[in-house]
Structure formats: structure tokens, C-alpha cells
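Note that the chains are named A, B and C in the order they appear, and that numbering of residues resets to 1 at the start of each chain.
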């Protein structure tokens, strides 16, 4: 489902004397449907960079990133937009939402953009929020006012609202208590069960051991010059 | 008897030809406002300078002129214009609608049906019906040329929103031959139905604004409205207190400090001729009884 | 669940659009495609040519060169070669324009209902009750209470005026909306409400929009794609989060790094 081959990435900092910083080289990995692959490597080795390149908000210098039939490395913006709507989900570490929008609608949004009726989308969102222990009295409030842990759970609910065939998870269990961690792991297992291809970054070793079928160390993709 | 120091009907021949050309253009394109080089007239703007110039361009020595102001032949405005043409054109005048060949009017259409031998000249203060909502002349000209008249209905919408019904009671906008939206001058909307299919030639002159427009005989004229708020030609729900007419447009006159009022025909010639023919209203019958 | 089909024809195709003011460049060689349902943000500092570009696209300015091809009901047409009546018709049916200053986009002497109803009447609506019902519905959709329908915009706050302007523009179901700094001049909290509203409307109506703004936070939340302008030229374009998170052009890098993180 996700097939990354020979991917490289260089940052050029024009405002710092056009310094060119190669950050990735020859990155290659695959994630099959129903499989969860964990990225490992020291901080700064390029785990998040790789995730962002697959998501499409970092440009690839060369190589290919196939998600389904779309090559994110070369696709038109509108193809990536379509990919993100229906196929590729992403739970980042940051919640970015329009202020003032109620939590319930934030979580329902991915279903709404796919054309689901408002009631249906909201009721599905409610189920997820309940599972993630977000008290119902908070659903009508904007998550921008929530604590870090609550925001993280809203972000997860939103990421799992639509059954994406491919999922990117960036530290989904960070800063969660035991019960919520358990729920998130269950959500990941359910997603795997329905055939989602999942690529994740898990610092939580127990979580990694439980849900990941394979690990890929991104240190192997670090350019030699830098390493 | 013509005052010899004036050219016939005051204006010089070249000016009258220029105005006639504008009139002909207006007749050729019913409802379209034709610009013309309006002249200074020996009367203030607002006193009918547009109508007077159109009348001057149309008059022949054989014409018989009638001038009315809000239906009346005897108000200052009517009298002074009538005298103006008596003096400068030496034409015959009349107060009888049926006898006139040219009628200059301010704010009314006579009750007596007009004929194809007659010309009705309207005095127009503001010829542009769209100005209420769109003050830019360049834009209103464009709206006319492109037939973009949605704004006219916004005006009527506002009327209903504020008053519950279309409260515009005079200068009620019309559409001419399905094309141009036109301001019929401040006639009461009661008179609007008479604009359409009229046998007489109707000419409109706006002196200050330098515009002439026209309705040739038997032109289709439709008052704008909404499907669920159709146009209604309203009048005071009374009969004339002097002649008893039930179908004429009435003026309301306060007669004393106690707030007593009477309703009389605004068309003085119509009212007088009915009384002469023996019709009577509430007050005339009272007087007769006393 | 219905999927947004990937159509073969862009809604708008702009080709080498150039506008000069004498020897000065307003905008030059601007080309892009806008696809149905897409929101395109145009960012750049004051004087970068973004407003000139928007005016050329919307037909308020005549460009010196280029094409603006819109996918009309009768197939793609170069808007710049349309007759004036055709272009004006387009601007009150398939197109809409939301001005930065609501006073430029509203009739301040006309009630809220009349403002919303004008476009309906312009395309032939002649039933007062229907016009009023649709105006009431639209006031509701932009969160203006129905009982304000007979108030004039002069009695409204800035945020309400802007929402009224949006209702007035969207009532005829346009397919393409041009917005010039739609949240400019509004308080931050009012901005957020407007952003939420716009996002919902874009989604529900399948609108395409071109939004000119200097506010990167606004485009991040509203725009699918982003175009960065400098000195009248497009220096970078792409997916919004890609341009903001991984800017390639020196100017974009400077622009993004100049924004205070909130």
C-alpha cells in the first residue's frame, strides 16, 4: 500500500547563504495492507521527515513515494488532496483546527469532506470521542482550549474517523494515560484488522512491540556525508 | 397675438430642430432616455423646463394647448406656462381635454380618454428610475443598455419589507415594450394603466437632466411588480364630493381646523364637465338641499 | 459516501496573465489551474501584485496579455474575450466577489434581505415570498438572526456585515468565489467564526475559491493550494502545507520564517 523507493531529501536554506543540507538518501521501505511498520532511529535521524514526505508537506528531491496508485513525490497538488481525503490519514503531534469549531465537528470533518451527512458523521465522531474518554460536556467546545493530552486524543479521534486504507501515526500514544493508551492501541489493531497499512513513530517501546509487525531504522537513510 | 420680439414658441428654429431629432429618436426607441442639449428657459428648473422645450418643439400655430398641474388648469405653474405660449406662440388654449391638440402636464394623465390626434407632454424631474439605488450615471446607463433591471425590484422589495405592500404611489416604474425600464414622471400609480396602449403620442422632457423619452401610440407599458404582490392602481376609496365620480383620481382637501376633509377630482376639467352635465357629489347635494 | 470525482477539466485555467501599469509590472506571466472544489490562496506582501491579479481574474481590470479560461455551462470560454453582457452575467451567476471592505460589496442603504435578494432578482426572481424565504435561509446560514432581515447593514457590526456580504454573494449558488482579504479588518475571534463559516460553505456547496490574503494562518486553514507572489510574479506554488512547511523559494522561506508562531 505504501511503497517508498530510493527517496532523498535536501533542505536549501536560502537565507543562510543557500546552505544545502542533505537529510535523507536512498530511503526505501514498503508497508503492506494490514501491516504496521514502526520507524526507529535517534532523534533527528529523519523519522518525522520521512513521514512528512509521505504525507506530502515535504518535497522529495528524488525517488518515489507510492501510496496506492499515487506517487506523492510527483503528483499534482489536487491528486494529493484527493489522496488525503479518501486514502491517506495522518495523526500528527499537533492539532491544527479552525478556532471556535466544536470538538465534535472537528472529529466529524474528515467524514463531512467525503460527503457524509452531518448526523451520521457526528454520531460516528461521538462514538470515537467516547472511546477516547473525552467527556461529552467538552464536545461543543473548541479543542484549542483543551489540555495537551485532550488535544492529542481529539487528534487521534479525527485521524481514525474515516477508515483510511493508509495511516501515518506520529507518536500516537505520547502523553496518554494507561487507559487511553490502551484505547489507541486497540484502534490501531482494529485498523490493521480491516486492512490498513500503518506507518508509525512510537517512542513507547511497549506500544511498538505490541502493534508493529516490523521496524525500519531510518539511520540507514541518513546521508553518509552528514553521518 | 404673438409677441414679435420672440421667435415662434420662444426657442430658435435650430434648437427646436435639435429637440425634434431627440424626440424622433425617443419615439423610435420607446422608453429610452435620449440626451439633448437642454436650453436655459425663462423659468426656474423644476417648473417644467423640460416639458416646455418639448412643447415648444412640437407646437404649430394651429395647435390648441392645454396645460395642467396635478390635474388642475388653474394653478400657478399651469397658468404661467399657458400664458408663456400664448405670448410666444400665439396659439389657442383650452381647458377642455377633448378640445386640446397638445397637453403639457405635470404629475397627471387626464381622466378623459386621449385620442390619436393628441400629444401629451410630461414634465419630468428625475428621468432615471434606477438612481434611487445606483447613483452612478455611467452604471445606470450600462444597466439600461444591458437590460440589467434586478435593482428596480430591489426598490419594490424594500417597499414591501418596510410597509407590507408596495408603497410607491407615484413615479411607479414601468417596463416599455418588454425592454426599457422607465420612470413615468411623478404621476400617481393610478394613472399607470393609461400609459399603455394609449392612442396619443406621449413625450417626456427633463430639462435639468437633459433627457427626452417617448411612448409612441399604442405602446405596451407594464408596471413592475412581484407575482405575489401584483401591481394595483390605487386611489382614495371615495367618490368625488363635487361631481360624484367613483372612478377618477381624487385629491384630499382639509377644509377646516377640525380636520374635516373632502375628496375632489384632481382633474378639474373632468370634474367641471361632469357637474355641468348634471352629476353631483356629497357636498354639491348638501348645498342644493340647504 | 460520495467521492469527489477527479474531473478532467479545470474550472479555471489562467494562462500567462500580465498586467502592466505603464512601465511598472502589476502582475506578470501568471499561470495556474483551479479545479472544482479547490480553494487557492494567493499570498504575498503589499504591492506583490496579488490584488492586481485578483482584479484581472474577476474582470475588474483588463490585463494586457494572457487568457482566463472558465469552464462555463457551455464549455470552456476565455473570459477576457467575452462580451461585456456575458461577463457581467457571469459575475452575478457563476461568480461571486467578496470585498475586504463590506461597504464595497453591500448596498448600505438597502435592508439585509434586499441585499441578499438582489442577486436573485437580478436573475429573474419575481416572487417576494420566495425571495424573502431564501434571504432568511441565507441569513441563518451566515449566523444572522432572521429578525434582522429588515435592518440595514449600517446597523450591523463589521463581522456581521462581512457575513452578510458572503450571503449576498452565495445566494445564487456560484461556482467560483473571489475573496480579497475576507478576514482583514476583523477582530481575531470574529475572523475565526468567519473562517469556520467559509470552510463549511466551501465544503457544502462544492465551491471553488481564490483567496487573496497576507495572513498565512488564514490560508493554512482555508486553502488547499497556495501561490506565493513577489514583485508581480509567482515565485512558488503548491500544496498549502507543503509551501508553508517546506518552502523552496528564498522569498517564501523568508515570508514563512517572519511569521510569529502562535
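By our rule, a contact is a pair of C-beta atoms (placed from the backbone, for glycine too) under 8 Å apart; a residue touches a chain by one contact, two chains touch by 3 or more.
Here is each chain with its UniProt name: A = Phosphonate C-P lyase system protein PhnL; B = Alpha-D-ribose 1-methylphosphonate 5-phosphate C-P lyase.
Fair warning: this is a prediction, and the values are worked out from it, not measured in the lab.
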item: Of all other chains, the one whose Cα centre sits farthest from chain B; value: A
item: Per-chain CA centroid nearest to the all-protein CA mean; value: C
item: Chain B and chain C, separation of their C-alpha mean positions in angstrom; value: 47
item: Separation of chain A from chain B, taking each centre as the mean of its C-alpha atoms, in whole Å; value: 76
item: Interchain centroid distance [CA atoms averaged], chain A/chain C, Å; value: 31
item: Residue ranges of chain A touching chain C (in the complex, touch as defined); value: 11-15, 18, 52, 56-59, 77-82, 85-86, 96-101, 111-116
item: Footprint of chain B on chain C - complex, ascending; value: 84-85, 88, 92, 107, 109-111, 113-114, 117-119, 121-123, 125-129, 131-132, 149-150
item: Chain B residues touching chain C - in the complex, by the definition given at the top; value: 133, 146, 148, 150-151, 153-154, 157-158, 160-162, 225-229
item: Sites on chain C touched by chain A in the complex; value: 1-4, 6, 35, 38, 189, 192-193, 195-196, 199, 203, 220-221, 224-225, 238-239, 241-242, 244-246, 248-250, 253-254, 257
